[in-house]
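Read the structure below first, then the notes.
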Amino acid sequence: MSFVYSIFVDPFVQMIGAPDLLVQTLWEGLVGGVLYALIALGFVLIFKASGVFNFAQGIMMVFAALTLVGLHEKGVPAFLALALTILVMFALALAVERVILRPLVNQPDIILFMATFGLTYVLIGLGELVFGGNPKNMITSELLLPSGSLDFKTLGGLVSLQKIDIAAAIIASLMVAVLALFFQKTRIGRALRAVADDHQAALSVGISLDQIWVIVWFTAGLVALATGIMWGARSNVSFALEIIALKALPVLILGGLTSVPGAIVGGLIIGIGEKLGEFYWGPLVGGGIESWLAYFIALAVLLFRPQGLFGEKIIERI
Amino acid sequence: MSVAAVEPATAAGETLLKVENVSLSFGGVRAIRDVSFDIRRGEIRAIIGPNGAGKTSMLNVINGFYHPQAGRITYKGATRRRMRPHQAAAQGVARTFQNVALFKGMTTLDNILTGRTLRMHKSFFWQLWRYGPALNEEIEHRKYCEEIIDFLEIERIRKEPVGRLPYGLQKRVELGRALAMQPDLLLLDEPMAGMNLEEKEDMSRFILDVNAEFGTTIALIEHDIGVVMDLSDRIVVLDYGNKIADGKPDEVRSDQKVIDAYLGVVH
Amino acid sequence: MFYREAGQYKTTYQADMSVFPILQDRIGLALIIVAALVLPLVAGEFMIASVMVPFLILALAAIGLNILTGYTGLVSLGTGAFMGVGAYACYKLSTTFPAINILVWIVASGFVSCAVGVLFGLPSLRIKGFYLAVATLAAQFFLQWCFVRVPWLYNYNPSGAIEVPSRTLFGIHVTGASATPTTRYYVALAIVIAVTWIVSNLVHGRVGRSFMAVRDMDIAAQLIGIRLLRTKLLAFAVSSFITGVAGAMMVFLWLGAAEPDAFNINQSFILLFMVIIGGLGSLIGSFFGAALIYVLPIIVRATPETFGLTIGAATVEHLTYLITGALIIFFLIVEPLGLARLWQIGKQKLRVWPFPY
Amino acid sequence: MQSGASRDPEGALDTFPKWLRHHAQVRGARPAIRLKDRGIWRTWNWTDTHESVRALAHALRTLSIGVGDKVAIVGANRPALYWGITAAQWLRAVPVPVYADAVADEMAYVIENADVKIALVQDQEQVDKILSIAARLPQLTHILYDEERGLRTYDHSRLHFIAEVMAKSRAALAAPAMARELDDAIDDGRADDPSIMLYTSGTTGRSKGVVLSAGRSVAAARDTVEFDKLTDQDEQLAYLPLAWVGDHYLNYAQMFVAGGCMACPESADTVQQDLREIGPTFYFAPPRVFESLLTRVMIRMEDAGALKRAIFHHFLGLARRWGEKIMDGKRVPLHARLHYALGALLVYAPLKNVLGFSRIRTAYTAGEAIGQDLFSFYRSLGLNLKQLYGQTEAFLYVTCQADGAVRADTVGPAAPNVSLRLAPDGEVQFKSPGQFVEYYKDPAKTAEALTDDGFVKTGDAGIFDEDGQLKILDRAKDVGRLRDGTLFAPKYIENKLKFFPNIKEAVAYGDSRDFVTVMLNIELASVGNWAERNGIAYASYQEIAAHPRVYALIAEHVREVNRALAREAQMAGAQIRRFLILPKELEADDGELTRTQKVRRGFIAERYATLCAGLYDGSSAADIATEVTYEDGRKGVLAARVRIEDVDVDLPVSHEILRERAA
């Protein structure tokens, strides 16, 4: 009985008992979720436009952050480093299109999926080879990002919000808004949306498929860079972040592979869910459940909606 | 040929399958509306109709792949609302597909052998050993499959991976796989789609032979009206999910509603 | 070129349905087995202990994954963890019951892994494709977490690692510090040959065809009467049994000791690479894949030395990543169906030589 | 490994059923017949075969087949049909194989003419055919079929499924008395019993039933089995038409005597595949099969990579130079032998393997002339390909080449125990062990075919070469003489020309003329190819056919033929003096060729009368205007001036020397 109690009752008692901690946990989860959502967003962009399940999306984030920090370490001024990193991400998009997508077009999905595994390894190897494998600190202040925290004495305790987290939430929201505008209002954006539905239709807009791929991968690269900066600021920059990047996968699955709102909602659910889970239920089993809780949440959702929360219903035709 | 001796055609004319007032819709789109018809043992029954008439959906309902929202299906005397596809298979319903649904990574022979799965019973552990009982069983079924290969005249491609075969032959292999199940009711979804004249003639001959030699009841969908009229004993005509005619080829041919449907008269 | 098939006709179905119907293939296989048996007589200890033993074990794990991914079409990203299950099970069993033959425990640990595999295979009924891959990630991270957080699994060893006890077989040390590489090699070889033979039996029969039917066209398979869930779970069971055995072997016959990190997500990826580069749905491809992916880094490491260059260990590590990734992409572009397909093409060319097709 | 023939010194085995029993006793477990059926080679050993034939014989007897009755055998090569042949022979009835692809009408003629009582057929197709003509065949009582498919619903009052009647017979034969009586019936068989009737597809008129006796058939087969050292280890693919003497001799008679095994292919379109699987040790195919095989080899090699092509052609060149010498056991330098051995490893053996020729010890070709290059190609690979000349009336072998004495342009010396001679008019005549008894019910034709002293007239004209090998020139009636009396064999000359890939058709004239001339068609594909390589532009067949350099090219070929002719005693005087290249291709649609693509010399001479005149009046060109039919069916007039070229004639220097040597 005590077992049942400790799972189903006690955590909620704790939540109500210490609302400040609850708010703090929710906030942490929210910020984490926003960042998950950003990674997932880059993923959805690519999946929609080129049908590639881009496993390397998380690594692109780390790679971007590492490039930025690494360049700065080598003496490049922060904003020049930022510009150069954007350039590198563009070069990456070009290279991916030339080297991977073009030769493998029309291959089964699993093959493209595997190719992005290969890309993951290349990016890890390349990044570490050039910039070294030791963890680095994000150049937060150089990029004029705030640091420190805002503390609120409220709810019978202390709620502490890191400024960088607030910035991250704002920047993430801005990016989503900009992307939404880009998709809705620009010719290229409309073409990108069209290509998701129908390649021919996209061609009729006057943009070649190759160009679309480059643009999409570049966009995803930019999103990755932004995410990388935020996440790097919260911890540090190394390929250990890969594990975090993998969290984008349950986010995606939860949201449905093709849905941008799905990616955002999924990110928030996973982010908040795993923080709550870790904080309130984790101690029951010795902690550290954050490493797998996200996947279980996604799995649980999938069992009821195999296409994810926002995915289109699959009607099998024969 | 010994295959034929296995299932002698029983009292032709007895009802094998009865579809009553079946309706099916997908998220508001009604694919089949209140359709009823029957299939008698030993006959060749055609389901025809313009594109989107609900023909394939009808087959999917019959073999349990779709579950109708309303109506009843009586098969071999047992009435049911819904059935799982593997149950349908176990009860002797076999099926070919509009777009060839072969196992592309396997050879012709393996595809046909797969059709015998339900009749192979040697346990997993015998399979691990393979030699002995499992292989003997495998050989028994290989013999049966070879009869089908002989029947369909596909000896030459026995060991070719099906993915490399021309379309017409793939359709034949698919028919072979369905026959390997020794079905009581064989559902053929556009068996002659995309074939040239000669291939169509071959396929027609095979369908008639299957019906005659094995006594298999056949329900088929086909676009080539000429072929349908020649092959089938009775025809159901669907249009926009409704049944608009049902009868012998001659009756259907002269039915005004059918003529209208095929000429595209607006409803 | 070396094939002389004229006159090799089959008068029985037994002969026609044998796994190696061509005489020259049987000869080739016999030669390979003989070569594998005499290898320790000619090869050095490094070759045996650090190349051949790991190669065999990884090939076995790749076969396990290939059953699931190659034959049944279910992508798994949790293979490393299933190897871990085997390893921890074997560790617990052999330390709890030290008197019982270690081979028994290696096989038994396969069954433990099998049970866990089936459990995590359950979602495969409703979840397909990439979605399922993510489900297997859940297994990966959950199991890995267990290896860290459940001290019972490593007998409360303060280091958090499992250390292989010394065990004998017919009076000869086969595990632990005093087992010679040659002994461990022969044990590994025997297990790999036995399991490969059994798997080969399996995939050539009804079960194998059901797997492939589900992979190629699950709807048609269903309408033939193949039960999807049962078949998929069976694939999970067989697959995780083999990976479990491979995992136990990895610790007991190769590493000697292991930390939870040995079974991390990277291990899962590496195995998936082996299967894909080697060839989905091909047993021989699993060996090719294991050889390429495992041996490649060894070569990358050895190459600078042969040219007299000294490169830092970290750099070599990074280079290995870079080159491995590039090669994966290269092989996917050259032959998406893997080395097994290249092998098959080569064999076909030899069979029709001098004709090109 | 014993030759069956050597086991019968007393000659007591003078019918095939006796051989069957003999083999069942001495090599019962050796395979006798195979059938690729349901994916595997079902095999019957001699014991099984004996037992099956016995059951079928009993079944036939129950259907009242007795001595002298005729049993038609219709269908592809199937064990049941071969058993039917032996079963009929067991009962001293006469099997009559009928071409399976014959239309109902032709079949009706044979069945009626042969007084067939029972037809043993393969499948529904043949049953349908026979039922459609049954009304015209009152003497036909029963039809037995081998494949049941589609026939179950037929009226079975006169129709029987072979497997069923055999099963019934087996049950009946379980009674020892019944079995003994049937077994003893074998001993009633006598050497002069008619063993089989083979209908020749006569070029003119209705076909005739050639009656062969049991003793002679066995004797002939025994000789050639000895000659080619066939044993019970030999195996061959039975893919030739059952009703053709070649199948009955090579597959049936020889294997029945040697105790070897014949393998029946799965179906007509798997013959190549089945050939490769079986890997026969004895093989026969007409030249056109070898030719199309070679073409396919070359076409497939075109798609090979440059390196492989280079290797292939290098070793083919090597084989051309040494291959035949090595096979004939001639002196060859060691380096060439080693080089050839490497070629065998890389090219020859694999090539033979993919063609299914790996195990062949003896291969024959016959039926028409075979080109030197084609013939040499196979021999140089190490395939022991030889030629024979035969006829239904001889029960196949009249001449055949011995190992080590093989040439492309002859058909070999007389086969064992065959007497061979040339009539004064050049016609080949023979007396052979397997010689036919008569044409069935046609004493007039029989008498016509025999000379007064019992030799068979072949109707072919031939000459003996210096080493006693026979060369077939042409049909005897087509052979004429130049004004000076020199033998003129148009087809012989035409064939020599046509072996050049550049020459498609040739029409030779010379009968009752002073000298030989030819009209030629060039092969557009190869000449066009040559023209392209030599920068010669052309727009049409007519244009390139008239090109001076093409004339020069062809003239060289004609000279080469002349050189070859000069070396042959009887032919040296019939060298080609003048030729022209026709401005259009000869077409069956224009009546210039028969439907079987044979030139109609007389018609062509009439049609191109002006050209013909030009050839003999010494002019250097002649005009022609003639109506032609285009491919789309339109008609038009072709008018052209055609060059006529003189060719040097080789001195028949060796003439006398050769004659001496021949004598």
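Descriptive notes on the structure:
Letters are used for the chains, namely A, B, C and D, taken in the order the chains are written, and counting of residues starts over at 1 for each.
Keep in mind that, in the parts below, a contact is a pair of C-beta atoms (placed from the backbone, for glycine too) under 8 Å apart; a residue touches a chain by one contact, two chains touch by 3 or more.
Small disclaimer: the values here were computed from a predicted structure and weren't measured.
In terms of C-beta pairs in contact, B-C outnumbers the other of C-D and B-C.
Of all chains, the one whose mean C-alpha position sits at the greatest distance from that of chain D is A.
Averaged Cα coordinates give chain A a centre that lies 78 Å from the centre of chain D.
In whole angstrom, the spacing between the mean C-alpha positions of chain C and chain D is 58. One simple way to say how far apart two chains are is to compare their mean CA positions; for chain B and chain C this gives 41 Å.
Chain A and chain B have CA centres that are 48 Å apart. Residues of chain C in contact with at least two other chains: 13, 219-220. Chain contacts: chain A has residues 316, 318 touching two or more partner chains.
In chain D, the residues that touch at least two other chains are 39. Residues 63, 65, 85-86, 88-90, 94-95, 97, 101-106, 110, 113-115, 117-118, 120, 122, 124, 127-131, 134-135, 138-139, 142-143, 177, 181 of chain B touch chain C in their complex. Within the complex formed with chain B, the residues of chain C that make contact are 13-14, 17, 198, 201-202, 204-207, 209-210, 212-213, 215-217, 219-227, 234, 281.
Per the touch definition, chain C reaches chain D in the complex via residues 1, 3-13, 15-16, 351-357.
Residues 38-39, 147-150, 152-153, 266-267, 269-270, 273 of chain D are the ones that touch chain B when the two sit in their complex. On chain D, the positions that touch chain C within their shared complex are 34, 39-43, 263, 276-279, 297, 300-301, 303-305, 308, 311-312, 346-347, 349-359.
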